[in-house]
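Multiple structures are listed underneath, in structure tokens.
Both complexes below contain chain A, partnered by chain B and then by chain C.
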Partner chain A sequence: MNAAQVLNGVALGSLLMVLSSGLAMIYGLRGVANFAHGALYMSGAYIAYTVSDRFNFWLAILLVPLALAVIGVVLELVFFRPLQHRSHIELGLITFGLALMAERIVVLIWGERTLRVTPPEILQGTTTLLGVEYPTYRLSIIVIALALAAALVLWLRGSRVGLHIRAASQDIETAGIMGVNVDRVSLIVVSLGCALAGLAGTLAAPYIALDPGMGNAFLITVLIVVVVGGIGSIGGAMVAGMGLGVIQTVSTVWSPSFAVVVPYLALTIVLLWRPTGLAGKRVS
Partner chain B sequence: MTTTAPLDDITESMLEGPAPGRRPRGTLIGLGVGVVVLFAGLAVPYVITDTYRMSLLLDATILSLMALGIGFLARHLGQISLGHGAFFGVAAYGVGVATTNWGWSPTAAVGFAVLAGTAISLVMGVLVVRASGFGFLMLTLALSQALYSLSVQTSARPLTGAHDGKLLSYDREMTFLGLTQADVMNPGLFWPFAWIALTACAMVLWLVGRSPFGTTLEGIRENEERMRFSGYDTFLPRLTAFVLSGAVASLGGALFAINAGYVSPEILGFTTAGDSLIAALIGGFGMLAGPVLGTFLFVYAQANFNFGGNLHLFTGIALIVVLVFMPGGITGAFQKLWRRVRRSRR
Partner chain C sequence: MKRQVVAAAVALAMGSTLAACGSASENSGDGGEGGPIKVALIPPTSGALAQFGTDAVKGWETAVRLANEAGGVDGREIELIVKSTDADPATTLRVAKEAVTQDGAQFIGAVMTSPEHAALNAQLEGLGALSFNALGKDDALVGEQCSPYAFHVVQTSSMDINALASSLSELPGDKWAIQAVDYATGHGAAEKFKAAAEEAGKEIVLEQFAPLDTTDFGSYITKIKDSGADAVFAVEYGADGVAFVQQADQFNLDNQLETVLGFNMVSEPLFETLGDTIEGYFNNVGYDVDGDNTENQEFVDAYTEDHGAAPYYVPADNYLAAQTLFAGIEEAGSADPADVSEALGDLSFDSIVGAVTVRAADHQVLRDSYLGEVVKDGKALKFSIQSNATPDVTTPEPDSACSM
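After this line comes the complex of A and B, so read on.
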């Protein structure tokens, strides 16, 4: 094991962190595990492909989260808000249906072949860090993701909207009674969660190959991260995402067939040991 | 927050539940209908002579077993499982391994496979039945996905054939309850086994649902905590229901493998279980027949509307439409209609 492998793990963990914090936020507020999160991440990556192909990658980093935030607004207004009194499982299954559709729509627009995105020139090549030559682009993923995570935590802890989000995640009814505009908070959270998924997709695009199955493959890992971190806990999801990314990558070096079951093993162990997840208070 | 006394709800939901002691005639009528359906179904190969149509019907019957298991769990326990592909798939691989690797006869292999699938459902059940709602959904999904990931590992190749799948091969003299390998692949000849399995399982699940045990399950579904406060053990009934539903799915998987003669890793994956769940949801959980109806529709749609590989686009739309506009599925909509007709007649 060397520093490069650990850094690879951190890079994967960073992506998981960004994705799962969005999922955890939506889960915390609406009580719905968004099965379309993988599809959002995939759509983000594909839109990033088109934008960086036509214009450049920097624009993609800016535009894709915005586009996905718009999708998030649609999701909230068309599904989450009108159906909030339905059972959460039903809503979750609706997002499952959306994910199925999104996967096909992506194939219809971009085709089934694998696509590649080239990172911008400044981020190509390698940088020497901790005594190893490491791809600059992956380092920048780590830096962007960590900065984003820090900003998100500060925003949730420090701002008024953040306070409302935390209150509504604890108990949406009581928060509503106390004067928090729950619909507005939910709109912010869902669009932000989708934007984060889009950003994760954009960041991942030059790092991995794009194919229509990429969303599903990641979705299950991200769902596991959210459950392991403690359902609805954003901090827990971040820590679990990073931890799982590092453990999985590092164990791949030792035994590839062991590494594929690491997330499932982690899930089973954590749920047997602490049924509510690492940072969770409730199982729902 | 509820203001009603907790006990009220339990007795109420128990009275609403089917109590066999009070309605033995209903049980007899139901069983009679079941037996008639069973025998009527046996005539299907004589009516439908087209092999392709017959094979579609057979596929739907076999896949219905998985949907039936999922539906039972959803109906009586309120739990939605995405992990039934694991039992179906493990049983299918069980047949493959027992015949091809160990040289067992197909009949013994099917018996072994059903036991293997059921054993997996017992292990998974111990881990998951305490969870509820989303926890349950995700755990079943994750654990079945773990099995899938293991099955496609290169180190699992001798057993599962990894990504290539597993081709069944056994001696020419060996038969599955009298059918040779060529016979079991003939949908008309294999039909009675699948049909009897489906109707028998449906009747067993129906009886279990009407038994006192079924009432206990419904109590747990309505309020698990109250059942515990009332002195019921809730873990064992939930585990039993889970294993029962897993056993039904395993039987489906074993029959599937014998009939197809080939097991691909996809059947362990999340798409198979997801498709089956969608079919069951579209059919509706309100009746035991709902998931079966949904599966037949799904197989029909798969055969007829799969142009350009867009099946999942349509199933996604169908799933959303059903969940948004008629949450009880097709059978639920019919039940509602029937109730309205009866009320207007009075």
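After this line comes the complex of A and C, so read on.
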């Protein structure tokens, strides 16, 4: 095992970390398994394609999360809030339907052929790190994801809104009784979760090939990450995302066929050993 | 009243069944002697293959336009009936039955995938219609799944890989890594390539298979770099192929390699997406747009005039399918599917890919295959043909499992 393979694992883990933290936030607060999260990530990647094609990639990193945050506001106001007293399965099915619609809309706008996004010139080529030549773009994903994770944890632990989010994620009704504006908190969480999906899509666009099925490919892995991390725990999802990325990459080096079952194996082991996930009830 | 309704329903059902049986056995519909010869096209119009489906129809449209302008085939006009499928074998079969029994089509084209062809071949004799396969490459279609009513116009996977294998000794690079999809075609191609490499005196330093729908090739590319390979044989399709090429570029893998040889990995529809990264890549090529014969020049001019762009292998192979059908009708002097099928056995004719022969034993069209290098043509990319392999080199002996 050389340093390049470890970095491969950390790069994949970084992407999973960004994607799963958004899903974990929404699940923690709304209790909804958002099956549209993969579609949001895919939509983010396609919007990033157009923005970076017409303008540049840096603008895409700014604009796409904002655009997805607006979609998050719509999701919260049109679906999650009015339907909050319906069963979680019904809401889950609605998000599943939304994901199917999003996929068709993407096909109608961008077509079905595979697309590719070129990283900005400064991030092209390789950089020598730990004695190995490694793609600069992948290193930048790692840096962005780790910085984002640190900022998110600091914000959740150090700010008043973060305190409210943690309180509402523990028990939304009690938090409401204690004076927390849970509607406002929920709006922030859902839009932030969607923005993180958009950011993950933007970061992934030059990393992998864009096709309308790309969201589905990641959704199952990300759902597993959230369960392994501890349902609703943002910190747990981050740790689990990074861990799974590294383990999956390492197992790919030894046996690609075995690597396919690694996420499911991890899920089974964690659920047997620690049914509440790695982080238990802790949110951040 | 209730009894009358039941009786009417039974009569209607029996009537429909009888009508369907009658159409299936006669299948002449409106296309009897003197009327137009009807060809049903059943391309996928949704899903990842929709673009190929559209382009397959374009190839047939140009062929039919030229044929009808020249007075028809055997004096009769050709009429296209364009249907659609989602590339699911069950859907395609249902649409094919509808085209034959209700629309009166006697010939079928533009069906896309090998599983669709396998399902269709099993039913062709019962339908009494001929199918011309210009897209499905599975060897079994001219093996155990062959049919006296099916014609395999496109090269099989074996023909493609044999064409590459025959050119291997000419390619730079002595230490080869094999990067293939973990699928039957990937393993089959890797086996054939290894045998050819051994014959050409090349060393295989790494052989690895990635599951279908792999998004991150980082660990595979790192292993190729670590293996010391100076050439790569890559069998990755669609989005997997794009991801592999893109990530290999990010890892600067090309700097270490003298040759990247793709098997069905890079093709004209992907040139714009893959960009200049693939300049210098080698790949098998089924059709040479610059083919120097009058048939091809006429086709390229007419297709460009009809559709605003030069053809690539999908419309070209479908045009060749139409040429095969028209040659069979002319030879038979009839549009009766059984007569056409018999006339096509061992028939040779001039086509857009030069002189071809329909092998009677399995209905494989014997044609050249090529090795192409991706080169710059102004701002765009194109294949420059490096070598061609004749069918006696590429085409395996007829499979004994195929009985006509």
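Everything that follows uses one rule, which is that the second predicted complex is superposed on the first by the 280 of 284 C-alpha atoms of A that agree within 3 Å, B and C clash if a C-alpha of one lies under 4 Å from a C-alpha of the other, contacts with A are read in each partner's own complex, and residues count from 1 in each chain.
Operating definition for what follows: a residue touches a chain if its C-beta (ideal position, glycine included) is under 8 Å from a C-beta of that chain, and two chains touch if they have at least 3 such contacts.
Small disclaimer: the values here were computed from a predicted structure and weren't measured.
Once chain A of one complex is fitted onto chain A of the other, the partner contacts of A:Glu133 are limited to chain C, with no touch recorded for chain B. By the document's definition of touching, neither partner reaches A:Arg274: not chain B, not chain C. By the touch criterion defined above, A:Val260 lies against chain B and chain C together after alignment on the C-alpha atoms of chain A.
In the overlay built on the shared chain, the residue A:Arg157 is in contact with neither chain B nor chain C. Legend: residue contacts after superposition of the two complexes on their common chain; A:Arg116 is shown touching chain C, with no touch to chain B. When both complexes are overlaid on chain A, the residue A:Glu103 reaches chain B alone and has no touch with chain C.
Of the two partner chains placed by the overlay, only chain C lies in contact with A:Thr249; chain B stays clear of it.
Contacts of A:Arg184 after superposition on the shared chain: neither chain B nor chain C is touched. Of the residues of chain A, those at positions 256-257, 260 touch chain B in one of the two structures and chain C in the other. Within the complex formed with chain B, the residues of chain A that make contact are 33, 83, 86, 88-90, 92-94, 96-101, 103-105, 107-108, 216, 220, 223-224, 227, 231, 256-257, 260-261, 263-265, 267-268, 271-272, 275, 283-284. The touching residues of chain C, when paired with chain A in their complex, are 47-48, 50-51, 182, 208-211, 213, 215-216, 218-220, 222-223, 225-226, 238-240, 242-243, 246-247, 250-252, 269-270, 273-275. Within the complex formed with chain C, the residues of chain A that make contact are 2, 4-5, 8-9, 11-12, 111-116, 118-119, 124-126, 133-135, 137-138, 206-209, 211, 213-214, 217-218, 249, 252-253, 256-257, 259-260. Residues 80, 127, 130-135, 137-139, 141-143, 145-146, 149-150, 153-156, 270, 274, 277-278, 281, 309-310, 312-313, 315-320, 323-324, 327 of chain B touch chain A in their complex.
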